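Okay, handing you the structure first.
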Amino acid sequence: MRIGVLTSGGDCPGLNAVIRSVVHRGLDVHGDEILGIEDGFRGLIEGRARVVGHDDVTGLLTLGGTILGSARVHREKIDWAVAHAHQLAADLGIDALIAIGGEGTLAAARKFSDAGLPVVGVPKTIDNDIDATDATFGFDTAVHVATEAIDRLKTTAESHQRVLVVELMGRHTGWIALTAGIAGGAHGILIPEKPFDIETVARMIEERFARGKKFAIVAVAEGAVPVPGTMLFDHGGVDQFGHRTFGGIGTRLADELEDLLGKEARPVILGHTQRGGTPTARDRVLATRFGWHAVEAVHQGLFGHFTALRNTEIKLVPVEEAITRLKTVPPELWAECESVL
Amino acid sequence: MRIGVLTSGGDCPGLNAVIRSVVHRGLDVHGDEILGIEDGFRGLIEGRARVVGHDDVTGLLTLGGTILGSARVHREKIDWAVAHAHQLAADLGIDALIAIGGEGTLAAARKFSDAGLPVVGVPKTIDNDIDATDATFGFDTAVHVATEAIDRLKTTAESHQRVLVVELMGRHTGWIALTAGIAGGAHGILIPEKPFDIETVARMIEERFARGKKFAIVAVAEGAVPVPGTMLFDHGGVDQFGHRTFGGIGTRLADELEDLLGKEARPVILGHTQRGGTPTARDRVLATRFGWHAVEAVHQGLFGHFTALRNTEIKLVPVEEAITRLKTVPPELWAECESVL
Amino acid sequence: MRIGVLTSGGDCPGLNAVIRSVVHRGLDVHGDEILGIEDGFRGLIEGRARVVGHDDVTGLLTLGGTILGSARVHREKIDWAVAHAHQLAADLGIDALIAIGGEGTLAAARKFSDAGLPVVGVPKTIDNDIDATDATFGFDTAVHVATEAIDRLKTTAESHQRVLVVELMGRHTGWIALTAGIAGGAHGILIPEKPFDIETVARMIEERFARGKKFAIVAVAEGAVPVPGTMLFDHGGVDQFGHRTFGGIGTRLADELEDLLGKEARPVILGHTQRGGTPTARDRVLATRFGWHAVEAVHQGLFGHFTALRNTEIKLVPVEEAITRLKTVPPELWAECESVL
Amino acid sequence: MRIGVLTSGGDCPGLNAVIRSVVHRGLDVHGDEILGIEDGFRGLIEGRARVVGHDDVTGLLTLGGTILGSARVHREKIDWAVAHAHQLAADLGIDALIAIGGEGTLAAARKFSDAGLPVVGVPKTIDNDIDATDATFGFDTAVHVATEAIDRLKTTAESHQRVLVVELMGRHTGWIALTAGIAGGAHGILIPEKPFDIETVARMIEERFARGKKFAIVAVAEGAVPVPGTMLFDHGGVDQFGHRTFGGIGTRLADELEDLLGKEARPVILGHTQRGGTPTARDRVLATRFGWHAVEAVHQGLFGHFTALRNTEIKLVPVEEAITRLKTVPPELWAECESVL
């Protein structure tokens, strides 16, 4: 068979490992030809693609990013592509497509399949918020990077009796902040699922200092929000004079905690370091297995399905299961970790 | 309550994180007193223990090893302890025990509980071979260390057109070798579950070189065995003249591959580096959650149970489930990865 | 002898390794008693100190921060302490002091020595800007952390065709930005020693994209400044309406580059992660050797001197040599690296 | 100019960074053409080479090994090449050669230059034993890898009250063992420069245990030798029955210490992990600067010279200075570190 592969949306450590795995499995086991489509759905629409062979994927297991490039496209563009799916497949001469992407990509997989371009999905989100799979690759790497940062921050915070606020990825869900916060032993963890009260955070830190501890680390997801009406930055990035303000929640939180506590508080913004670079061993294995199973699914005709981790096994599940709801941090898990804070 | 905690058997990154977590949860949530028992069951029998508080567990999240010490004891000793369980509990003044250990420890948990020392188990094995839990802490760290080593070996092997044989932990099961082998992109993976034919390994390497590749990496579990009668080291560490020989399977395999291939082949023995040092973020989280749930299980009276990861949740399962069989690498997973070899 | 030791100023990976080394050398070789003075000169003035022995320094080789605490004090306070040096030494019962600190601390070493409290200095600056020593500990660690971050950023920048601006430590000198920039292969490096023209930076990036490269990384020291009059942030943190603005040079530079280039540009602020955590092997060795030699210097009466790395050897040099001028990046080295930018 | 570049001898992290740097400097600053010669002097003799441009060196800063390949050749082959130097240069059409290699390569640089193939040398040895330069690239990386391993070993050794013997690279000099031993806090360091007495090592370990410490780490260079007549392995790899024995000094030392001490002692052989993989930031910078200066030296006609680090500067020194003697660990440094052992 001639199978297209594309990567869509924000990048994630492990994308290249999936591509490598698809090539290995397709060529060595099934004698397929793999066509790498450039820049996600944009390349599909514009017919930009190249054959990808063994030599092209050498070294990809450890390489972050995606050699195929990725791009975000408007939903209308995807709708247009769905409408022309049959023709696009014919133009590229592909029998099927493996689409590695987020919720939107998975949602489109069924429509493409129905419209004449059979698609198997591979879920990709650094935020780990896709339901129906225990984990997505890239997440473990993000947590690893964030945890290493917290480890480093602890000694410097302690030496100077400071509060450090680490802003971590997670616009809609708090998986990275929660997991890295537990792994790093943060003293406060703020996530989008549970609006926080800055007074409570400040009191927790004060109690900690009162017990003789000399520092505190707060891990905050970029999408964490205060209880309405309790902080300056409720105003949405515009200050009280109507001027544009700089800095995300990490910076604002550090500023306000410093005011409230009368102690030095500093923000650390890890930003894109969380989504770049070499994947962890776990993410490489997950990505590799997703790649194998996606190829197998193509050969078994399981279109409109995507690869999912369930316990220790990879299952193919209908894309509808991924897109009904975001996988948020459940209250039980949140409760689990309150005692260490 | 007054709860004892002990660590038994070989050490594992994450033991200290469990101890820390038990102390946090017990003290902060339930007002318990935690008694740290020294050197595993030996300390239980000899009544060596100390109260462990907040200050004792500061910094333990990232520290490998176990501050309580660990020791291997003969099964008869444990049987003796079971027979005197009630008295031992009384001597230490403990209401319950959290025993962190391997299969043997978990097996004893029910007997102790029946005999008057109520025990909740926390599974510990670097080899990841305990059934009934998706994972054990320490395993991810071992895989991480082994994968980093393979990453480093690849460039030097390639520069010198060499075969490198990396011997990894795993006496009875091949989880570390398999997982690190996939994550590191090893070209051959040899595990105890599937006796290997050295001729097949040699042929695979030759085909690889014939395709223009200039090196090969073989990951071998220390417990991997050849098909009977095919290698020198079948003789079990004694050479054909009856003299003691040095070196494990990694060394022997490299020697024989060098002979068979006429190419330089070198062994690398990572040894104890795989079980020491700072746990990965994932292992810290797993260990921390095991600790929380063990304390909860004590308070709920779930004795003779142990903490297990199921998907993304921690469940308490009867210890009988852990000890019926070793969790070996299933043939399906083995088959999954053949195409990358 | 009874020797005091204190750490002053901002913390640095390796401070604890110096303390450990002083204790080992002092106790094992000379039979000294080591008195750890808390919170730098503040503890000296307030007479807060404790004896530090072997057990207190176990594990310190790898631990960031300082177990003695550190604090910044006003120069007048130090002047006061100098005036009362003899009495302070008598109160603590110390024969000599090893003061680990920056330029200010070293400068005071001579004055204290003259006033009756004999001091040997150990230079400490993460910025590597103390003249008269080839290197200071902590710097290599900061460069290591920054380089790892740049490594990670490259793949994500490339996948998304972005410009990433990494803000690194260095208020007065550009050593960290220059060294990490070279090590990470940054495409632009902006340091305080050479005011930059943002148009030139933008043009360099455009030329890079024109050559088919899909991303660019700019490493900028926090103290880098634009050629006067060329950027918004010349206004010193206050916007054109007179309101306080947030964000340092990294954020501002990314904002303005995005405007100039019409491409996504994002800042990454590594902040305190650069000065925390486990020191690199090199920094541990340097710190350990500084500690040994400081103790030897005390016993040889080389007061008013500080430990310095010269080639591969540790020398004791008069503190006057350290404080005459800041060690800035020389134009030759700047020229050396222009071709890779 | 048309400049050849080759890498000779054992590989070292940083070789690729030199190649990249030569290409950048040569092309961008001088408009040179760079010819990459394959497999060291073997490729020079056989005329195997290819032009290397910007695209070929993308990503090389972080890549271990050498994209040009390396090989060891007999000295007679090099002598033959020297005799035909003029012709070889003409065949490849090169005006000069940058030869990256060890002592032998540097020694040949003068002869080639005299014979009509002008050569600038770049020193390469993971062992750091080339005189006349403060450091060589690859060494810092080897020390980093070895130190990380010792860090990991400490916790597992302590948990099990074991002695661990870590065998590190260094056939003729002990720089890696000494430096990683200090950085890792090893309790014994054995190097080729100073024959060791196993009884003394055993006594040191016993005293340590007597002081209540529960483990010991011994770092041993592969070339360390016992005082003659004191150990089994004096017999040179053949046991007392005349049969070939396996295992290097690490294995033998662990075996004998276990016998002497009556405690578990285990060897860890890091092997090629020390010379593979991504270079540290410091090694990348050193390699990059060596590359720049080598190109400059070619344009200045400094043939028969090699690049050397002196303090913080790169100097070009006559190759004769490198080959008069091996840089061994000086007794003063050895004495420096005795107190921590």
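Letters are used for the chains, namely A, B, C and D, taken in the order the chains are written, and counting of residues starts over at 1 for each.
Rule of thumb we're sticking to: a residue touches a chain if its C-beta (ideal position, glycine included) is under 8 Å from a C-beta of that chain, and two chains touch if they have at least 3 such contacts.
Owing to the predicted nature of the structure, the values given are computational and were not obtained by experimental measurement.
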| item | value |
| --- | --- |
| Listed pair (C-D, A-C or A-B) duplicating the B-D contact set, over half by residue number | A-C |
| Reference subunit B; chain at largest CA-centroid distance | C |
| Homomeric contact subunit A-subunit B: same or different residue positions, threshold half | same |
| Centre distance in Å when subunit A and subunit C are each reduced to the mean of their C-alpha atoms | 34 |
| Distance between the centres, which are taken as Cα means, of subunit D and subunit C, whole angstrom | 30 |
| Chain centre separation (subunit A, subunit D; CA means) in Å | 41 |
| Where subunit B touches two or more other chains, by residue | 151, 278 |
| Each pair of chains that touches, named by its two labels | A-B, A-C, B-D, C-D |
| Residues of subunit A touching subunit C in the complex | 10-11, 13, 15, 63-66, 69-70, 145, 148-149, 151-161, 164, 214, 239, 241, 243, 245-247, 251, 255, 266-273, 275-278 |
| Subunit C partner contacts - residues on subunit D that touch it in the complex | 21, 24-25, 28-29, 61-62, 134-135, 140, 143-144, 146-147, 151, 179-180, 182-185, 278, 280-282, 284-285, 288-289, 292-293, 310-312, 336-337, 339-340 |
